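Structures are listed in the sections that come next.
Next come two complexes, and both contain chain A; in the first it sits with chain B, in the second with chain C.
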Partner chain A sequence: MSIVTVQLGQCGNQIGFEVFDALLSDSHSSQGLCCKRENEAYQASCKERFFSEEENGVPIARAVLVDMEPKVINQTLSKAAQSGRWKYGQHACFCQKQGSGNNWAYGYSVHGPRHEESIMDLIRKEVEKCDSFSGFFIIMSMAGGTGSGIGAFVTQNLQDQYSNSLKMNQIIWPYGTGEVIVQNYNSILTLSHLYRSSDALLVHENDAVHKICAKLMNIKQISFSDINQVLAHQLGSVFQPTYSAESSFHYRRNPLGDLMEHLVPHPEFKMLSIRNVPHMSENSLAYSTFTWAGLLKHLRQMLISNAKMEEGIDWHVRPPLSGLPSLGKMSLNKDLHFNTSIANLVILRGKDVQSADVGKKF
Partner chain B sequence: MTQSVVVQVGQCGNQIGCCFWDLALREHAAVNQKGIYDEAISSFFRNVDTRVVGDGGSISKGKICSLKARAVLIDMEEGVVNEILQGPLRDVFDTKQLITDISGSGNNWAVGHRVFGSLYQDQILEKLRKSAEHCDCLQCFFIIHSMGGGTGSGLGTFLLKMLEDEFPEVYRFVTSIYPSGEDDVITSPYNSILAMKELNEHADCVLPIDNQSLFDIISKIDLMVNSGKLGTTVKPKSLVTSSSGALKTRHKKPFDAMNNIVANLLLNLTSSARFEGSLNMDLNEISMNLVPFPQLHYLVSSLTPLYTLTDVNIPPRRLDQMFSDAFSKDHQLLRADPKHSLYLACALMVRGNVHISDVRRNIERLKPSLQFVSWNQEGWKTSLCSIPPVGHSHSLLALANNTCVKPTFMELKERFMRLYKKKAHLHHYLQVEGMEESCFTEAVSSLSALIQEYNQLDATKNMPVQDLPRLSIAM
Partner chain C sequence: MRRRRVDPAAGARAGSLPEAIAALSRSLPSGPSPEIFRRAKFDRPEATSALWQLLFRVLSPLPAGNALASIALEVQARLVKSALCSQGYPRLALAQLPEDGSKGSRELLLALSWLLARGPVLEQMLAQTRVPLGDEMTVCQCEALASLGPPAPHMEAEGPVDVRHMQWLMGKLRFRWRQLVSSQQEQCALLSKIHLYTRGCHSDQNLGHLSVTEAEMLRDPEGGQKVSGAGAAQNLDLAYPKGLHFSCTPGMGPRTFWNDLWLVPRLLPGDWAAPLDPGGASACSLLSPLRVLLRTLEHESRRLEAVLAWWRAEPVFWQWMVRKPTHPSPGIPSRSGPQDTVLGTCAPEAPAAASQPTFLPWVPECGDGELELVVRELQTLEEELREAVERRRVAWEAKARGCGRGPEWSAARRASRETVEKELGALQRCWEQDSGPAPAHGPHRLVRREDGATGDRDLRAAELIRTLRSQEACLEAVLRQLQGQCRQELAGLTGALPGLIWIPPPGR
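On to the complex of A and B.
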């Protein structure tokens, strides 16, 4: 089943480009550990989800690009075309001349209604191209004007027009010391609207990803494209095809449905986050070895001590010793110092994945 | 992409404007290698086929034929504008965009505002409408003028009201040159205060600049260039005051270096809107982020670096130095010390090879030494543009909405009151029809109210952030 991505604003478009790039280069990478048939199945599944086929074989991303000023979209389109391996649809973008001026009200109340028809039209065309449709993935930032305002407006519209489809919003939490002075206004307004109309909010904080770049990836001069590449890596690790725990013959068909089913048990709790191990630069990979037990241990401790990355984990935080009755598959641990989980989903990729023992630890 | 129209009024305005267009052409020539008329150039220039008779056929795409500036030049005496039209930039301006008179305003705000205002109102409106029509999507008017004279301050501020009525959706950015302590015009306090009232009410955003600061910056650069210390050769093209590579190199005037600084300010301000970058900042975002209350729209600016040394490898410490300099009082374009006053908002517009981690590192480093207002403790607006200015590899423009503008206004008011108490030179103003003493008293009270607002904010400077008690909801 396919996912249609809606990229909004400068942030959304820059991230969207990196995500598609990462997805495609992963599925075509030469480091596959499996047999050819499996690789092809993987590639086909990934492709069906995110790309549609074109006559001369270059996959076209299933995406709609929206921005209120033309510079970023032009840049994104040309970067994709330059890569030679994929591109965006020619008519898949909508832009205006004058931006939103970091003003949520402009995005939501002025630009949104004014261009509602054109934007929804583009989305509809993209959805019609899908054989079976899983849902929407909307990438936006909260600090600016376009991503936040038009994002809130579009999500609301999608809820009205496509009430049976799932919507996951990828929202970017701005830096604490500010990129935009009115970011607090824009963020609160966006969150309040999205909470009602979206099905899941996947949150990425700029501060956290920046730290990952600095500490784990050892990048000296971090630029936004470095940050976006880390984000794309994390998103790719969630969205690429997976087998289910029960049947390992076919890839699971409905990515968004699976995620929501496991992670959003109650509509009031829909803010999600990703923790990814291991995360390191290409150079360090050559010198590292991993075991499933070690990775899972780190991941579990990251989860319970609320650490966002593999470094600086507080190992003193422990779950309570008394065994509490677990309700169904989800365990609710009631220790106050301990990060209480509502729901978790663990996705494992790699060699000997069957031998990894997730078991009762989580 | 949006377009902006520059309106240059008076001798000062036109001279600065001339330097601005010169440097703008230089910048676009350096960036645009292929000679194709693209969206970046269209923000300030029109592409015209001059062989077509009449209004000049506008060409929107394709190769550059002949560039015409989106500008309106207004002066009530002919000398300056005529010089521009005979100089190397004559082809950039359309003769239909000029409004001149012969006699000048005689350093009298009332003559500029009332007499010439009513005389030329229709003509000015028509020229402005024409330039707006040539624009696909007009976003902003940049008005350049001085506050001390007659035309720039009087007619320039008359324009503001007209622009507000005629084009309410278009931003009005005003670059005002304030008179320094030793100003050559005796009635400059009168002119400035009368003009301030209009700026308070009708401008969206004002960038105050004064000649003394510009002069100090030039002296510093000269000292550096002529010091001859080992290892400190300065790249000549990199001076923020230089116009090497531009058209006007043979006609150097004494104020050129100072005007080039202001021209660079305007270019850097609009760079993120014209060129690509990883974090863009459009012109409407400037007022959105930096003006918390409509009255407080005066932004102190500083440009760094002033020059680049010929060292090829720039270690990160140099970059950090650029950020520190932006907050020092020697680099501000107004006599002001922002570090010791209260910040309401601050914007950092970086150009060139600078990454977000450098900006963040410097914000973390400099924040403890700056005082921010209680409701905006962590608010910074940042923008990154990939194209550096000509001759530099990176540069920074810092815009601060800071209470350090208060001393300038207070000094101005003091000089005004010294003259006004004795009613000196007043009769020249009152002779003009429509001017009464009440105009003066209203202007002063408007300025006093503004100073009072800044005072109130300053009073909260060292107080701890108060948390008001929350409403408790009955369970």
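On to the complex of A and C.
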């Protein structure tokens, strides 16, 4: 089933480009471990979700690009067309000349209503192109004005017009040291509005991804493009076709539905995060070996000690022996540090995946 | 299907008892062998479990599947007892039978014959397991309500129930429902594509295009589906959604669809009919080796023949079961006396405990004169209402002409017109609930037609949509009313507690 991506603002558009690029190059990768028929099924499934076919065979991303400045959108469109393997639709973007000045209110109350009809029209055309439509994936940042303000506005409109479709918002949490002076206000306003209109909020923190680039990928001069590529890799590992645990005859058709049903059924708990192991640069890949047991052990410890990457994990943190404290009592033991999470979903990809034993660890 | 009259004289022509019982056994789905029936007459214990299972199959509202087979015998027996009791089965001896299948086969045989005499059991079972060739959907809600399954055992809640867990489960249910809506929309889009691309291909001019099953048969005649006796119809049923996605994947254009479909026949030996141009007017030949479909249809027609044989032989069965023979028949041994029927050998029951007074609806006597008076009153009332509506409409239009035009005005008009239509539909629906025509029951085949011609038993989609919309409006009105009541109750409860601040969840 198809997912329509809405890319908002400078951040959203740059990340969106990297995501589509990563998805397509992964599905056409030549290093597959499976037979040809399996690869074709994988490609077809990935293509159906994120791309639509055109006459001359170049896949067109199912995306709508929105920004208040023309510069980033033009760059994104040309980068995609230059790659030759895929491109964006010709009339799938909407931009203005003014910008939002990092002002959430300007994005939400001025730009939003003013351009509501054009933006929703673009989205509607993209949805109508899908034979089977499962939901929206909205990429935005919280710090700026366009992504946060217009993102909140658009999500609310999608809630009204497409109330049966699933909506997942991908939010970029700004650097702690601050990129924008009013980012705290923008963030709070965005989160409070999104909490009411979105189904799931997938949060990526710039700080955490920056550390991954520095420590694990060994990149000396980290640019936004590197960060975005790490992000795209993480998102791709979640959204590419998967089998379910019970049957491996055909790929699951509705990835958004599966994620949401398992992770965010409760209306008050909507925030999600991704942890990914192993994460390393291509060069180091040749010198490493992995076992499922080792990887799962690292992943579990990352989860319970609230570490975002597999270096510097605090191995002292253990789950409390007597289970979690009951509803009434508060634990007086302050250095518990155990990261409680409501629901988790594990996705495994690789060789001999059936031998991996998730068991009772998670 | 109404009960047919059983012609007593037909018993003389019908033939012997073993033939009758053999026909009955063949017409029941996974029916027990005739030997079971004979043993049951003599109340042999080995026939009991087979009869419990047969009664369970007959009484269970669910279509047969693997799930049914795995239910334990005790559970089946209990469900059979409760179902028979709710249908008004008079004999208490059955309710007192042990549930482990150790005895009581004669009582079970009596119960089976009671069901057969009462209602169209065989016809219902045939309808449940028929082979659907077309794309079908039901227009009424009966099947959905009937397939709720056996009630879950009542569990006592231990301690306080965490409302967050309930919210969690409710949220999961909502997501599943939304996914279901998306899948249904997808199914509709694909169905529409298949119907559009296979225009002119069906040999039956009334239908005009292929259904999913037919297209899938063309695409994959060998099937790869295992057919095994009684399970045949269900396998075809489960393969339907798979077939839909194989025949037509989302985003598929007409050229790809036909390429895919004709790829298989080119590999087959030469008795394949020549490929035709897609969308052409020539009829598509379905004489290709469609073995699976053929086998399923043969199975179904064997069952139908068995049912016909059963109808012819039925009187003999009833004579064996309950009635004394009024004249000697060739099939029944002449030394049988009046006590030799199955019912005769069962313990008699006190009739008073079982019988209940039957209630007939009371129709008030009213003379013709009163009726005419009422009709005249209603006519005058209708006239008055019509005049009042005309007056108000003229006044409103005069007022409205003074207001401006413009996009906002027309949008507001459209919105208010829609609300009014919805409310009117709701009112009409509530009014016509008792007097409207009976809604169509059962599955209907979906056919796409360009010319709009319909037969007398056909339903038009537009009318059905209108009916469903009015039903929706009515239900929405009821929902709003209930929500309002709930809100008032909560407000009352919170008002009673001092110092409590009530923050309702953000409304949509």
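As a working rule, the second predicted complex is superposed on the first by the 347 of 362 C-alpha atoms of A that agree within 3 Å, B and C clash if a C-alpha of one lies under 4 Å from a C-alpha of the other, contacts with A are read in each partner's own complex, and residues count from 1 in each chain.
One rule holds for everything that comes next: contacts are C-beta pairs under 8 Å (C-beta built on N, C-alpha and C of every residue); 3 or more make two chains touch, one makes a residue touch a chain.
Small disclaimer: the values here were computed from a predicted structure and weren't measured.
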Would you mind checking whether chain B and chain C clash or fit side by side on chain A after the superposition? fit
I'd like to know which partner A:P265 touches here: chain B for first, chain C for second, both or neither. second
Using the superposition on chain A described above, determine whether A:E48 touches chain B (first), chain C (second), both, or neither. second
Touching partner for A:Q14 - first (chain B), second (chain C), both, neither: first
Chain A-centred angle between chain C and chain B, computed on Cα centres after superposition, in steps of 10 °: 140
With both complexes overlaid on chain A, does A:W292 touch chain B (first), chain C (second), both or neither? neither
Partner chain(s) touched by A:G101 [first = chain B, second = chain C, both, neither]: first
Looking at chain B versus chain C in the superposed three-chain picture, what is their shortest Cα distance in Å? 8
Overlapping contact positions on chain A, where the chain C interface meets the chain B interface: none
Please give the residue numbers of chain A that touch chain C in the complex, ascending. 1-2, 44, 48, 52-53, 130-135, 159, 163-166, 196, 253-254, 257, 260-261, 264-268, 327
Give every residue of chain B touching chain A within the complex, in rising order. 1-2, 39, 136-137, 139, 275-276, 278-280, 282, 284-285, 288-290, 345, 347, 355-358, 360, 363-364, 367, 376, 378-382, 384
List the residues on chain C that touch chain A in their complex, please. 162, 164, 167-172, 174-176, 178-179, 181-183, 185-186, 189-190, 193, 249-251, 505-506, 508
Going by the contact rule set out above, which residues of chain A touch chain B in the complex? 10, 14, 69-72, 75, 97-99, 101-103, 145, 175-183, 210, 213-214, 219-225, 227
